[in-house]
Structures are given as structure tokens and as C-alpha cells.
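Presented sequentially are two complexes of chain A, the first with chain B as partner and the second with chain C.
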Partner chain A sequence: MTSVAPAPYLTAGAPRSRLARARRQIGIIGAYFAQFLKMRMAYRADFLVDLAANLFAIGIQLATLSVLFSKVPSLRGWSFEQVLFIYGFSLLPLGLFNLISVNLYGFASHYIADGHLDRVLLRPVNPLAQVLCESFNISGLNEMILGCGIMIWAGLALGLRPVVLDMVLLLVLVPAAASIYTAVFLSLAAVSFWHEDRLGLAPPVYNVIRFARYPLTIYGYGVRLILTFVLPFAWVAYMPSLWYIGGAELRRWALATPLVALLVAALAYGVWRAGLRRYASTGS
Partner chain B sequence: MNERIPTVAAVGAAAGGGPAAAVLAPWRRDRRGSLRLYLSFVRLAFLKFLAFRLRYYTGVVSYTIFVAGHAYLYRALFASRPEPLADVRIGGLELAEMITYVAIAWIGRSFTFNNIDRTLSHQIQQGEIAMQLIKPFHVQTVMMFEAAGEAAFRLLLFTLPIMVVVVPVFGIGGPPHSYLIGWTLLSFVLALVINSQLNFLIGCLAFYLKNIDGVIRAKHISLDFLSGVLIPFSFFPAWFQTVVAWLPFQGLTYVPVTIYLGKRLGADLYSAVLVQAAWAVGLFLVGRWLWARAVRAVTLQGG
Partner chain C sequence: MTPLITVDRLTKDYRLTQRREGVLGGLVDLVRPRKRVLRAVDAVSFTIAAGEMVGYIGANGAGKSTTIKMLTGILTPTAGEVRVGGLIPYRQRQSYTRHVGVVFGQRTQLWWDLAVVESLRLLQKIYEVPEADYRQRLDFFNELLGLQEFLHQPVRKLSLGQRMRCDLAAALLHAPRLLFLDEPTIGLDVVAKENVRAFLREARDQLNVTVILTTHDLRDIEQLCRRVIIIDHGKVLYDGLLADLRRGPGHRLRLCVDLAEPVPGQQLAALTADLPVNWDGDGTRPEVPTHRHCATFSRAETNAAVILARVLAAHRVRDMALNEPAIEDVVRRIYRDGLILPVKETAVE
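Here is the complex of A and B:
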């Protein structure tokens, strides 16, 4: 704490080995992350307002669900508690995603139109890692906590008895689902390398997420196909939740989630790299 | 009143006999000049939005998905009732009316939506508002006319394309009486004014708060709920309906859509539109008042 000398990974000179380079990258990313964490903490009022908005959003969602279910005993065979479980689950990957990648929404405006990508590209760290770390947003945490609470409540109401495998699988499914979110919004952000527009494509797509919170079977085949293959939001909540609430027949679908995540992430990173190669600064 | 020749009052050289300083006497625009000035903002806003078309093409897709998603949700809801589908009434609506409700609600929202709050807070945070303040117009009025230009753009290049897709796909029928189309349009224009005024008020908060992103988020979340775009108020318990009847937000979606559905006729119709108009005027006056106070609190960042 008292030392003012720079940490060893920050000192100049290109390390030779691959391992050393990777360690250096990770070290720099860590320092980067800590710096932006401090920046975020400087705006405590923002954080509180954001927390309030989050609580509010979740409260409204719960109110919507309970109003709809006050009219019917079940929704196409899905009980209130099952739908609630899917909703609770959906908040975990969403919170994880919001923790690191909120900047992807503003990418077109902040990084391309305002030219901040120039600064990113001049630094010796993976540009994507920089963009993601710069957008660290701690309010994702409260979504995750609330999501856990809703899931536990719904799980108790459903009489679920989770075993160790279920818990371990949760640690795989949630990050996988979060990387699907990230991949979708990364590809949308990358589109702005070709088509410059301040708002970008993210806001309308973000609105589609709300339909991923209902059991996929309430939709017609067209919507099911879109949510499964085009905008793969079926995989961020419904499919992985099936492991817990889907019964013996449906639950194995959940296991495909990590594969879908890998595929979508690889595609998105490809689009991002292609976009980055054709980036020409605004020059301002 | 109609005189607009700026008279130049030459102030004679004071002590020292330096060059005569010219002072412009205060001058007035006449009504026509004002109108021309403000109308030019309608045109400019229209042209500005014309430059950003991609987001609207995708918006058409996403609004269609919105309508489709909610239509499926409500279809599932109606189908989950024990009685035969044709007999199901929820919140006083049958399934076909419910699908129409969803479609008209989102079609209307595509027209009334704008980002005045974000634009205004951006101008305040970036200090650009200083340039607006020294110009001879009222920022609130300018923003209203810009909202009109944006709405005209939205109507032609956003709302109409959405209608072209949504109306045939979901088989949306007309209102029970054809004269209700006119009333629905009037009601949506009032909804546009109410929405713009609300957004202006929210944007003014940026004079007091450094960052209003959270507030804007909370606004979007609560408006989707309190305007009735997600669920018709008639689904809710009576106490909730009483509360929202006293709020301006019902004028954004619930009032125009229930007019379209023919749920408000005669005196009910007139009073609903009148209440909307009263909110439009009331919110405008609150905006004038808040603006006058807020500009005194302005602290411009550097520059």
C-alpha cells in the first residue's frame, strides 16, 4: 500500500514467452478493471438510483405476472411458480451480463461516433477486453441477488430438492447464458462498424429479452424459431431452466446451452474482429 | 406589435470621443415570425431523423415482434381459461379485442415515443444548453416543435410501415364506428403532447442531477406499466384503476386504445379526450414553470 513503484506487470519491455504475455495481459486487464471500479464508485448517487430502478423493474415484472396469473390457473400448463422460476433464473445471466457489458449498448455512440475507440486501439490490451471492462456496472449484482431470491422462492413453492449436480450445473448454465447475451449484443455493436448510427441496433433487441422470460411453448412456431435460432434468447432462461422445472422429458435440452453459447460467442467474436479490421476513425 | 424594424439607437461617444458604440434596441418578432421560426424546427427535426433510418427498419421488426409476443401471451392466457375460447372475457375484452388492443397500443406508441429527456439532459451535461439559452426562443417550445417534426417522421417512416405489417398479419379490424378513427387519431396526438411534456420535465431534472440515466430507466419501466401498453387497466383490481385514472399516463395508451375499441362512447368519449387535453396543457405549464426555475440553477461545465 505504501509503495508507489508500479506493479511488475506494468513495467515496460515486451516479455518473450506466450505465458508471460498472457499474464501481462491479464494483469493489465485487472488494473484496468480496478481503475474503472473506482470511477464507478465516485458516483454513488447513480448507483443508488440504479438500484432503485432495478428493484422497481423487478417489482413491476412480478406485478405483471401476478396480474396475468390472477386470471387463469395456469398458462398453457405452466404454473405461476414455474414461470416465476424461469423469470428468476433469467435475472442471473442478465445480471452477470449487465455487470460487464453495458457499454455494448452505447458502443456506436461512445466508441465509434465519438471516436473513443482510437484510445482503446492504442493500448496494448485486447480491445474487446478493454471495452467490456470499461463498462463495469456493479448494479448487475442486485439483479443477480434478486434473481436468486425469486428462484429460491419459486423452487421452494415447487418443492424442488436440488442435489449437488443441480448446483454445479447452475454454475455452468448461468455463465453460458450470460455469454449468449454478450454475444448477441457484441454482434449488434459490431454492426456499427459497417453502419454508423448513434443508437445502434441494441435497444429494440433488448426489448425482445422480455419474451425470453416466458415458457417458449406459449408462442407459435415462428416466434419459437426466431427465439431459438435467430435471436437465441430462448437459451438465456427457458432452455436452461428446463433442467430444474422441465420434468424428465424436457430437462436434457438444458444441456445444449453451453454448446449454443460457444457457437454464438465464436460467431460474435468473428463479426467483431471483422468489424475492427475495417474501422476507420472519425478523425476528430 | 407588427413592427419589426430593429431601430438602432446610436449612443453618442461618451467621454473621450471614441468610436460611437451602436446598441440594438430590443425588437420583437411578430406572431407570424415566431410561428415561422418554430415551424422551421419541425422541418429540421424531420430531416434530422430522416438521416437515421436504419434504426427504424429494425424498429419495424422489433415492434412486430412486440405485438407478436404479446399477442401470443394473451392468446395463451385466453386459451388457458376453462370456458370455451369464444366465451372468454378478461377485463371486459374478448380475445379479438385483446389482440387489437395490443396492436393499436404498440402502433400508437411507435408514433408518440421520443427521447426529449435524453436529448435535453445530454445538452445540459455537455453544456450545449448555454448556446440554446442565448438564442431568441424558448427551449421548451422549440423542443415541442421538434417533437412534432420527429412524430411526423415517425408517422410516415415508422408507424405506417408497422401498420402495413401488423394489421394484416394479426387481422386487426377497424373500430366499431368509423368516426372513432378520427377520435383515436386526436387522442394519440394528445398522447404525443403529454409524452413530450413528461419527457421535457424529466430532462429538466438534469439541471439538478448530474446523471439521469437511472431516472429515465425508471420512467420507461413505469410508463410501460402505467400507460396500459403492457396490460389493460381493466385487468387490475378496482383500487389500481382508481389510482391510474388520476394520473396523466393513462392518456398515453389506455385512453386512445379504448376509444378505438369503442369502449368509450358519447359523454365518456368527450370527457376522456378533455382530460387528456387538460393534462397536455397542465404539463406544459408545469414545464414552463420548472424551466424558469431550473435555468437559474444551471451550472455549466467549463467550455
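Here is the complex of A and C:
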């Protein structure tokens, strides 16, 4: 049989179930993660330096808190242990966010100005998944481990007796809070599709995260409004922590966290998609 | 034969913001930005059959890269359409990319910090290449590109030539039906260029891939492509066989004769006064007698035999030579004079 030139038709690929697609995407993310973990491990000295830096920064913040509470018994009704608990909790989603989302931080310069987005768009994988997966910041793991330690310590001091539901809820609240961080920085990254500002808004917004580590009620009305509705960092530590330390009245607020996360993430993804469409029409 | 790629009146406009000068101008820009429309690609049409290897050439800013970006699905056209095997690249980008490989000479498609083999493994996963195919192709690439020497080095440590070899392997790992090469030999030394060309010839024959090549090095085109599309100011200047370009009016041949007796140039010019021929001696004035004279002419208008016959009838010729210009010169003339052949509807044989 003579070989026949294949018909010049390309297929859009066999239709796949949502589950099969999700499994493929997760498989790829796993492969990326394994590769970049290996790569980071190659720089073991960096890893240790990062750990030391994290320990130092967190140590300073803890020292500040303890000095503060040596002068006053409580902050607007919040005890040292309660504030410590919120602080510890805040490190979990922050660590998770730092782990996977470093690329959003330098998105404008690396992906748009230097043109790496073209490469991303030439591959059959969701562009956002690629951007998130192309680099990991391992020191995020340090923050998560230290946060866990601080939270457990504060929890013991507060005499918390966690039941199974509390633990399960933690597994929902932490990723939800992390996706709020991610959504905020995704929106900022997407803004660079319109506004070619290399510096961007990311660093100042990153600084606002610091406000999120303390009970919301210690701030004035304006700051509270902003942190709840504009830059919704109230939902990354304070609100979810209420489930554990908030008492019967306040704790149900924590349950709104996943809803807020979904809403903010959907909004941010919409902006991102609009940005990608704009990129496709301007090429810059 | 149904073409694999159909490009129909493809047009792309860029909106540029023109900044005004000074602080005051900056403020005015904020309120009322001054926009200018630049038409980078202007109603470009062509078709490409499966298995063709086509050179897409033009000066900087001619619209090459913009066309390639629309063909690869990165950019959406302002008007017109691209169809590739029934898919529209910029509408079905993610499915389309499975059939496409891309090499940009200027920047790598690989992950800077990963070892070459890890990059290839990751691509295997992304494109879902079966293990047996992966092994077979890696062997093929190893044989032709000698990847094994640096398979375990991170991409950032490779030389430009090594990196280009890896990029070629990465672009072909999923056996795409289409390969886009944007300046694949840029910055390479002569040997490395030759290796890349040899590989591309082999890959085209063995992997049955359709190739679109943009380049500044016209030797790439001469050695790889039977067909060229020349683009300038966003428009197609020429679309046809490279060989036909040689026969066109832009292609000037040079016939040099070495005469036994020195003769002034004007005598030779008089012999061919009725023909479109330019005579020049060894940089001498037409009235100074010399041995050597050269006639420049276009094959479309006359031929060497006629000229030579008239010279031989009047003078004793010791030696002669006929020189073909390099394709560079042909293309340069096309750019400069706009001397073009009528653009064919389809140049696919």
C-alpha cells in the first residue's frame, strides 16, 4: 500500500469530560511543581537563607506584639493569645499564596514586557495555570509551618478544644483565604494589560496585607470598610479566625469566607480573561 | 489539493498612542490621548498546502511577525481570516496549539532554569505524547541534533547554537503538523546554521510537517524553500517559486567578456543599442579602451546568447563568464524598485 498524505484537517481534539480535563490539568500542575521543586532544591543554600529570613521577620513581628501587650492587657477586647491566633492563621493562606503565586507579582515585566506570555499562549494548557505554575516560592512553605506552630501554641493557651468539624473547616478556610490573596494580585496583574506600568500596584497593595493580621475592630471605620469590601483582606485572617476564637455571636461570619473567595476569584478571573482578549488584539 | 492554510485578506491594525511633549503634554495625554492607527498587515492572502516549506520574508517592520502571530493564534486579526485545517487559530487557540510547533530564534520556548531533558519531559506531559513516541522522537533528535551532550544541563547554561537545537526538538516533540520558524538561524555561526538547515530538511521529510520560515538570512530560504512570499509595508509583493523570482525582471544577470584587444565601452554599447543592456568596463569611462567588459541585463527582456553573438561577431573574445546574482540582490531590488511579478492566485503546484 502506498502511503497516503493525511487529509489536511486538524481536529479540535476528542471531546473530553470535565473530569478528564481537570485530571489532565492537575497532572500537569503536579509535573510543573515536581520540576520546580527539584530546581529550587538545587539551590539548597538559598533555601536555608530563605528560612532564616522568614524566621527573623516573623520573630520581629511576634516580639512587637508581645511588647505591645506587656503595656496593655487587651486591644479593643482582644487578648494577646487571640491576636496571636489570628496572626498565626494569617500565615497559612499567605504562605500558600506566596508558594504558588509569585509570578503574579512580576507579571507585567516578565510576561508582558519581556514577551513570555506568547510562549504561554502557544501551549495547550490554561494560560493562568501556566503562569501560576511556572515558578514556586518555596519559602511559602516555611510561613505555613511557622503559622501552624503559632496557631497551635495560641490555641493551646486559649484552651481551644478543636473537634473534627473545626479541622475540616480549616482545610476549606485556608485555601479560600489564599484564593482571596491570589484574586487581588491576579486583578492587579491583569490591569497591566491596559496600563503598561512596569512598577505596578503590587508592592503597595502587598504592604496592605499587614493590616490583615490583626483584629479588624482595632481599626477605624474607613479602614474597616476598605478591608472588607475594596481590598478584602479582612477575609484572609480575621474573619475565618472568628470561627475558632470569635464566640457564638461572631463565629458564623467565618462561614462567609468561602463565598467571598468565590466571588472575588470570579471577578478577578473575569478581569484576567478580558485582559487576555485585549492582549490578543493589541499584542502588547 | 485542499490547502492546509488559507489566509484571506488578513489585516491587522495597531492603535498607537502618541505622546505629547513636556509636562503639560503629559497631562493632556491623560485626558485626551492622541491615537494613530498603524496598518501592520494589509489584506494579505495566500494558501499553503500540506508538506510545503515556505519562506516568508520582508524587511524589519514589514509585517512578518504580526502575520506569524495571527497564524499561531496569539493575535486576533482586525479583518480577514485565517483557517488552518478547519480550525481558526485565534478562536480555538488551545486546541490549535496541539498541532503547532514554534521556534523563535530570539527567545527560547524552554524553561530557563530546567535541564533540557526535564523541559522535554514536561512538554511530553503537556502534549500527552505517548512514551513510545517520545523515546522514538528523542532518538531521532539525538541522532540529528546531538542533544545527548547537554541533555542534563539547564537551558540557561547552553550556547546559542545548543539552545536552538533544543528549541527545535521541543517544537517538534509532539509531531505538530505545522512548524513556524521565526529567524531560526539568527546569531548562529556558519556551521551551526548549516546544522539547523540540515535538520530542518530531514525533519520535513521524516515528520511530514508543513513549515513557514521567516528569516533575514536568505541562504536559509535558498536551501530550504521552493516557494517564497515577500511582504513589504504589510502587503504581499511576491508569492511564487524562488526559481521564478530568478527569471523575473528584478533578477539581473551579468555577462562578462574578456576581449583579446582593448576596446572602449561605447563600442560595445553601440552593438547592443537596441537591447535593454547596460555595459560597464573595469570602472573605466566608456571612451577608455579596456579588455574586460560586463553587460547587465534581465532574462525577462533579453538573453546572454544574443548579446554574446553580437560581441563575437565584432571582436575576438578570450574568455567569458555569466553570473547569477545572489537571492539577496533580487530581493533588494524588489524592495527598492517595487519590481514585481503579478502575484499569483495560488502558487501551489
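Just so we're on the same page, the second predicted complex is superposed on the first by the 250 of 284 C-alpha atoms of A that agree within 3 Å, B and C clash if a C-alpha of one lies under 4 Å from a C-alpha of the other, contacts with A are read in each partner's own complex, and residues count from 1 in each chain.
FYI, a contact is a pair of C-beta atoms (placed from the backbone, for glycine too) under 8 Å apart; a residue touches a chain by one contact, two chains touch by 3 or more.
What you see is a predicted model; the values in this text were computed from it and never measured.
Enquirer: I'd like to know which partner A:Lys38 touches here: chain B for first, chain C for second, both or neither.
Expert: second
Enquirer: Can A:Tyr214 be said to touch chain B (first), chain C (second), both, or neither?
Expert: Touch status of A:Tyr214: first partner only.
Enquirer: Touch check for A:Leu259: first (chain B), second (chain C), both, or neither?
Expert: Touch partners of A:Leu259: none, neither chain B nor chain C.
Enquirer: Classify the contacts of A:Ile60 with the two partner chains as first (chain B alone), second (chain C alone), both, or neither.
Expert: First partner only.
Enquirer: A:Pro124 contacts which: chain B (first), chain C (second), both, neither?
Expert: It touches chain C, and chain B stays clear.
Enquirer: Could you say whether A:Ala274 touches chain B, chain C, both of them, or neither, answering first, second, both or neither?
Expert: Neither partner.
Enquirer: In the overlay, answer first, second, both or neither for which of chain B and chain C A:Glu134 touches.
Expert: So A:Glu134 only meets chain C here.
Enquirer: Does any part of chain A touch chain B in one structure and chain C in the other, and if so which residues?
Expert: Residues common to the chain A contacts of chain C and of chain B do not exist here, since the sets are disjoint.
Enquirer: Once bound in the complex, which stretches of chain A touch chain B?
Expert: Counting only chain A, the residues touching chain B are 43, 45-46, 49-50, 52-53, 56-57, 60, 63-64, 67-68, 71-76, 195, 197-201, 203-205, 207-208, 210-211, 214, 218-220, 222-223, 226.
Enquirer: Which bits of chain C are touching chain A when the two form their complex?
Expert: Going by the criterion above, the answer is residues 1-4, 14-15, 49-51, 66, 69, 72-76, 84-87, 90, 92-100, 102, 104, 107, 109, 111, 113-114, 118, 121-122, 125-128, 177, 208.
Enquirer: What residues of chain A sit close enough to touch chain C in their complex?
Expert: 5-13, 24, 27-28, 31-32, 35-36, 38-39, 115, 118-119, 121-126, 134, 277, 280-283
Enquirer: Which bits of chain B are touching chain A when the two form their complex?
Expert: 52, 54-55, 58-59, 61-63, 65-66, 68-69, 72-73, 76-77, 79-82, 90-91, 209-211, 213-215, 217-218, 221-222, 224-225, 230-231, 235-236
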